[in-house]
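Okay, so subunit A shows up in both of these, paired with subunit B first and subunit C after.
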Partner chain A sequence: MSSLLQMLKPKTKSQTTTMFAWALIAPAALVMFWIVLWPLYETFRLSFTNSNLGTLMGGADFVGWENYEKAIGGRKFPAIVTRTFYWMFLSVGFKMILGLIGATLLASNIRGRGIMRALVMPPWIVPIAIGCFGWVWLYNGHFGLLSNFIEMVGITDGPFSFLAYKQSAFYSAVVTDVWIGTPMVTLFFLAAMQGVPKDLYEAAYVDGASRWYRFRRITLPQIMPTIVSMALLSAIWTFNSFEIIWILTEGGPRGATTTLIIDTFKTAIFSYKFGAGATRAVLVVLILGVFSVIYLTVLGRLTKKYNYGGVQK
Partner chain B sequence: MMDKYSLLHKIGIYASLALFILFMLLPFVEMFVASLRPIDHLFSRPKLEVGETMGFVDFMSRFWSDKMSFQAYRDMWVTVPQLPRYIFNSVFIASAVTLLSMCFIVPAAYAYARFNFRGKTTSLTLFLAVNMFSGAVLLIPLYKLLRSYGLLNTYWAMIIPGVAFLIPTGIWLLKSFLEKIPYELEEAAFVDGASRLYTLRRVILPLAVPGLIVVGVAMFIGAYAQQFLFAITFNQNRDYMPLPAGIFEFIGYQTVLWNEMMAASLVGVLPVLLIFLFMQKHLISGLTSGAVKE
Partner chain C sequence: MKNIQKALFLAVMGAGLMAPVQAEEVHMIMCGGEIREADQVVISAFEAKYSGVTVNAEAVPWGTCQDKSMTLAAAGDPVGLAYIGSRTLKQLARSGLILPVSIGDDQQAMYQPGVLNTVTDGGQTWGFPHAFSTKALFINCGLVEEAGMACVAPKTWTGMYAMAKAINDNTSAAGIGVTGKDFDNTMHQFLNYLYSNGGSVNDAATGEITFNSPETIETLEFYGKLAGVAQEGPMGYERGQLTQLYNDGQIGMYINGPWGAGQHNDNIAEIVVPIPAGPSGSSGTLLITDSIAVFKGSANEDLAMELAMMLSSGEAQYDLDKSWGLTPIMQYEKMMDDVYYTTDYWQTFVAPIGSGGPEPMFEDFKALQAGINGAIQGMILGEGSAADLVAEAAEILAEGN
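The block that comes next holds the complex of A and B.
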């Protein structure tokens, strides 16, 4: 490696550094080009063709914007996009709130918190597919715990299949998605809370600030960067969440849980319409890109305007 | 004194935590109970007289009966003879993904943590943007890619995409760990005439072990969790199937052997749960010791 660098004869120290750094990054970057960027380009190209099972490896016809017109003009498309965003906001909102509550509780100075921190992690550790089997059984109308429970409490007077009705299937999927996503959010919020300098709390305590006040004016502003980035990451993952919905409902009943990503998978893999599927994939990327830019811009503005109150380090 | 709570406060904290943990563990409890119940008991509703509504005792009868046993844990190996193979595949794929991805993550994270160079911020942002493209979006071209290399229906079909989609998160996590290693140590090594690679190997890596463990465990968990999608689209060969895909074999034409399926699920997640149990102290304290601080 060092002889390679000598051969390239860098002129200044900063050039050596740049070259060395890039040599270290190159392997990872190459994998990204190979497995992510090239397929992304290929998806883009496919989205303008009528590629299907017969023409997968070549020979598909270029059809221009036809796929896009069909996808966006489709009867179900507006509903699917709305549903996807509703799914994302609802699920991410609950993950953030539960994560914040959980992290605050787990950060408090009580006995047994080490064990309790470990006990909230399983939904994150266990493969998503396996956690979902548990939920499929929980949601079972005749034999599932939840149905039996609400029957005992008297909410229903017979079996209730959570995944069989449009509304309940959608919200059941949200609950499962929140269940899987919350532990990681909790862990990262907890991590951020541990990083808040202790003397800030002590100073506020000495000044007689209440616990709630300290949370609002010290903890929240201090961990705001983590909340902001976790919310964006979580939003992207939730938007793209596939396995949970697929295992619970496969997008049904009657499309009630079909989000964009499920629609993409169904079109591409189940109906073998690779071109039309690729179009939906491109739309997913575009929508997420626009959403991320808007999110970051709006937040940047808000941060400038309000400066998030509190104490700066 | 600041951290002292009143009794009422303490009860509140414990009660809320109990609720929180109940939500997180409920499906596993239900899976365990289901795995103990014989299939006919599983498919029986609490016996109610005509006109009678379900009471507490009826409800609780689903949780215990004389017939409960660990029989499903014996039968499942007969119903799905390939089960040990599926569990092995899951562990094997996740381990391979972890090892391979670390080979890419460590040098890159080191570069981002230590050097200022042209294109640093841009390339780091691009890495993070990869998170926007889930595997599900890129399935079709990935399928083509793997097919043209003849890798469909091999372990590689699940390992390669697994590695690629874990690298960005891994770099981001490890970078924040490496940033905490004091730069003076490296300078001292430089002054003594050590080369950069020597410094990386002999000074940085030993100090980075806790961080490496945390990132490694996080990668393993991620790799174990994400197998399903790639397995059902890129692999038809039952010999290479990981557990989350193989477990569907319990769903038969006539009935679903839920008790055996739940038993197999619980046994199948044991490897990753054990790793987590041994590592959780490092993992949680490693992540919470300020890894996410800017």
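The block that comes next holds the complex of A and C.
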């Protein structure tokens, strides 16, 4: 015991500092291990078993790659993956564009700017479930506001249930996701815009640069790090977005809004096939991992091009 | 130090004295979102009988209730007993999560025909049947007459479709309410038609899937045809929402259980008729039961079993059926002279019991719903022929059987 203590005893000031740092992060590291690494390991282990309702607490058999073969080889899998990426790109794209427009407007010196900034918040502040139930009512065919509106202006000649058809259900889910996700993007962009040095704009203004030119050559490059970081985070969140789709459509009609995360839930929790569900969860992690690597590579190139925080050369 | 010792001594003594009087608890989940008065009476009687035992009756809405009961059991923390859909029993039984129950011969003889089939698997009974329903067609006569037809019961699908089309074409309402949402009662609506056309889902004795048959194809085609004269967007609707449309005068007819009359507006002049017969069968209905299952491994299995028996026995069961307007689960006329279901209205729901078909029991009961609802939605969307969709559904059913 004493020899162990002797070994652990720091010999230099640098070692003391290092050990102190480790001691400080140890509690957090233990919690992280408990709530992140262990579940991740368990999910990975479960994915190679036939765990189901009767064998969750023990007794599941090891089935090797069978779950993976079934999941990837399933006839619906390619369509689900394609749909998930389409959902992600569409939704994130709109969030980025609307967020950028919103942030630009909110950053400008207009009357009532404070109120407008406050008005941006509700979709983000309201609990997602409550917001989604509101949208379910809006999309309803017989007493929904949207259906009545499009009928009133003559787009349809009768009620239209937005969530009852494959295409309209999918795009309705995208609209709701964008509605919920845009405020946060807007606020992040706004914060980044406010950090852009004013003298850059003043110098450009003196040189006769137009508004559009200043936005394109100063604002965009300056906030680019925020844009790329936000886009990556938003992509991951949207890829894994569950509650919005589940509350609106439960993945239907006929699978039209079933993304990978919905498929994972349906398999693991809805059908009690925990092993097969864990397989899908692992696949989600792998797909997102690959996507992130590709994205970060692109990000690295953008960083070089825009010189991170500097003006475009 | 002395004070600490005193405190520890008192704590130990206190714990020792408290232990014998600590109440035993039976945890019960009640699907449906409320504890019904007739059940509460039994629970109170049970607590009075077993002094020191309390019943923690937790009411959970149907949408999440069964999943909650099953997930708790799978996670090793089962409730004592749960009132759930009988369709879940096979999966629970084969997963070793519930206990077989014993129903006395006298009580078995009292059940309506077909009821015990809905809780039996592998020769054993897995739940006490506690609620029973059959279905009929509710028709808004005001709309039928506005459409220029006499409000008389259609006997066949042809007559039913003609009536629905007349309402659809000649009034502002849709002819019929059709469900298509991915919900259990979408499958239930379809099975009512299937059983009225001589079809079946599986062979009760062998478990063999019999869904892929000409009768099912015919039924699916008819369901798709009905969708053409139904409310806009059937895939956005489950039965509860159809009740709202019916009350608003937006659909001319729809299928519902005996509780329907109590849910409908008084100003609707309606008739309630047996489900019309398909070309290959005779009028039938789906027989659905909900049961009380006793979970394996709870702290008080014996007490849970006793409570389940009390809740589902003779008079307590009668009170529940009567107060809730359910199809009588037992042949109470053998027990008493004055029963609540002698009126013509009730006979519409009682008479078809003998010719009804059960809600099938599947090892993966979600596959049953997914398979049948997938075929229905495919038909409504026009994503294939009825034959292809039925064949696809039959494959899913075979996997889940």
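One rule holds for everything that comes next: the second predicted complex is superposed on the first by the 292 of 313 C-alpha atoms of A that agree within 3 Å, B and C clash if a C-alpha of one lies under 4 Å from a C-alpha of the other, contacts with A are read in each partner's own complex, and residues count from 1 in each chain.
Convention: contacts are C-beta pairs under 8 Å (C-beta built on N, C-alpha and C of every residue); 3 or more make two chains touch, one makes a residue touch a chain.
Source: prediction; values computed, not measured.
Novice: Which partner does A:G181 reach: the first (subunit B), the second (subunit C), both, or neither?
Specialist: A:G181 sits against neither subunit B nor subunit C.
Novice: Of the partners subunit B and subunit C, which touch A:I128 in the superposed model: first, second, both, neither?
Specialist: A:I128 sits against subunit B, while subunit C stays out of touch.
Novice: May I ask you to decide whether A:I269 touches subunit B, subunit C, both, or neither, giving the answer as first, second, both or neither?
Specialist: A:I269 sits against subunit B and subunit C alike.
Novice: So, A:P221: does it touch subunit B (first), subunit C (second), both, or neither?
Specialist: It touches nothing on subunit B or subunit C.
Novice: May I ask you to decide whether A:S161 touches subunit B, subunit C, both, or neither, giving the answer as first, second, both or neither?
Specialist: second
Novice: So in the superposed three-chain picture, is A:R254 touching just subunit B, just subunit C, both, or none of them (first/second/both/neither)?
Specialist: second
Novice: Please indicate which partner A:G141 is in contact with in the superposed arrangement: first for subunit B, second for subunit C, both, or neither.
Specialist: The answer is second: A:G141 touches subunit C but not subunit B.
Novice: Compare subunit B and subunit C by how many residues of subunit A each one touches, and report the one with more.
Specialist: More residues of subunit A are touched by B.
Novice: Output the subunit A positions appearing in both contact lists, the one against subunit B and the one against subunit C.
Specialist: 56-57, 142, 159, 269
Novice: Subunit A touches which residues of subunit B in the complex?
Specialist: Against subunit A, subunit B makes touches at 2-3, 5, 10, 13-14, 16-17, 20-21, 23-28, 30-31, 34, 42-46, 53-56, 58-59, 62, 90, 103-105, 107-108, 110-112, 115-120, 123, 126-127, 130-134, 136-145, 147-148, 160-161, 163-165, 167-168, 171, 195-197, 221, 224-229, 233, 243-245, 247, 258, 261-262, 265, 268-269, 272-273, 276-277, 280-281, 284, 287-294.
Novice: Tell me, which parts of subunit A touch subunit B in their complex?
Specialist: 1-2, 14, 17-18, 20-22, 24-25, 27-29, 31-32, 34-36, 38-40, 42-43, 46, 56-57, 98, 101-102, 105-106, 108-110, 114, 116-131, 133-135, 137-138, 142-145, 148-149, 151-152, 154, 157, 159, 179, 182-183, 187-188, 190-192, 194-195, 201-202, 205, 225-226, 233, 236-237, 240, 242-243, 261, 264-265, 268-269, 274, 277-278, 281, 284-285, 288-289, 292
Novice: Please give the residue numbers of subunit C that touch subunit A in the complex, ascending.
Specialist: Residue list for subunit C touching subunit A: 67, 70-71, 73-76, 91-92, 94-97, 180-182, 231-237, 245, 248, 250, 364, 366-367, 374, 377-378, 381, 383.
Novice: Going by the contact rule at the top, pick out the subunit A residues touching subunit C in the complex.
Specialist: Where subunit A meets subunit C, its residues are 52-57, 140-142, 158-161, 163-166, 250-254, 269-272.
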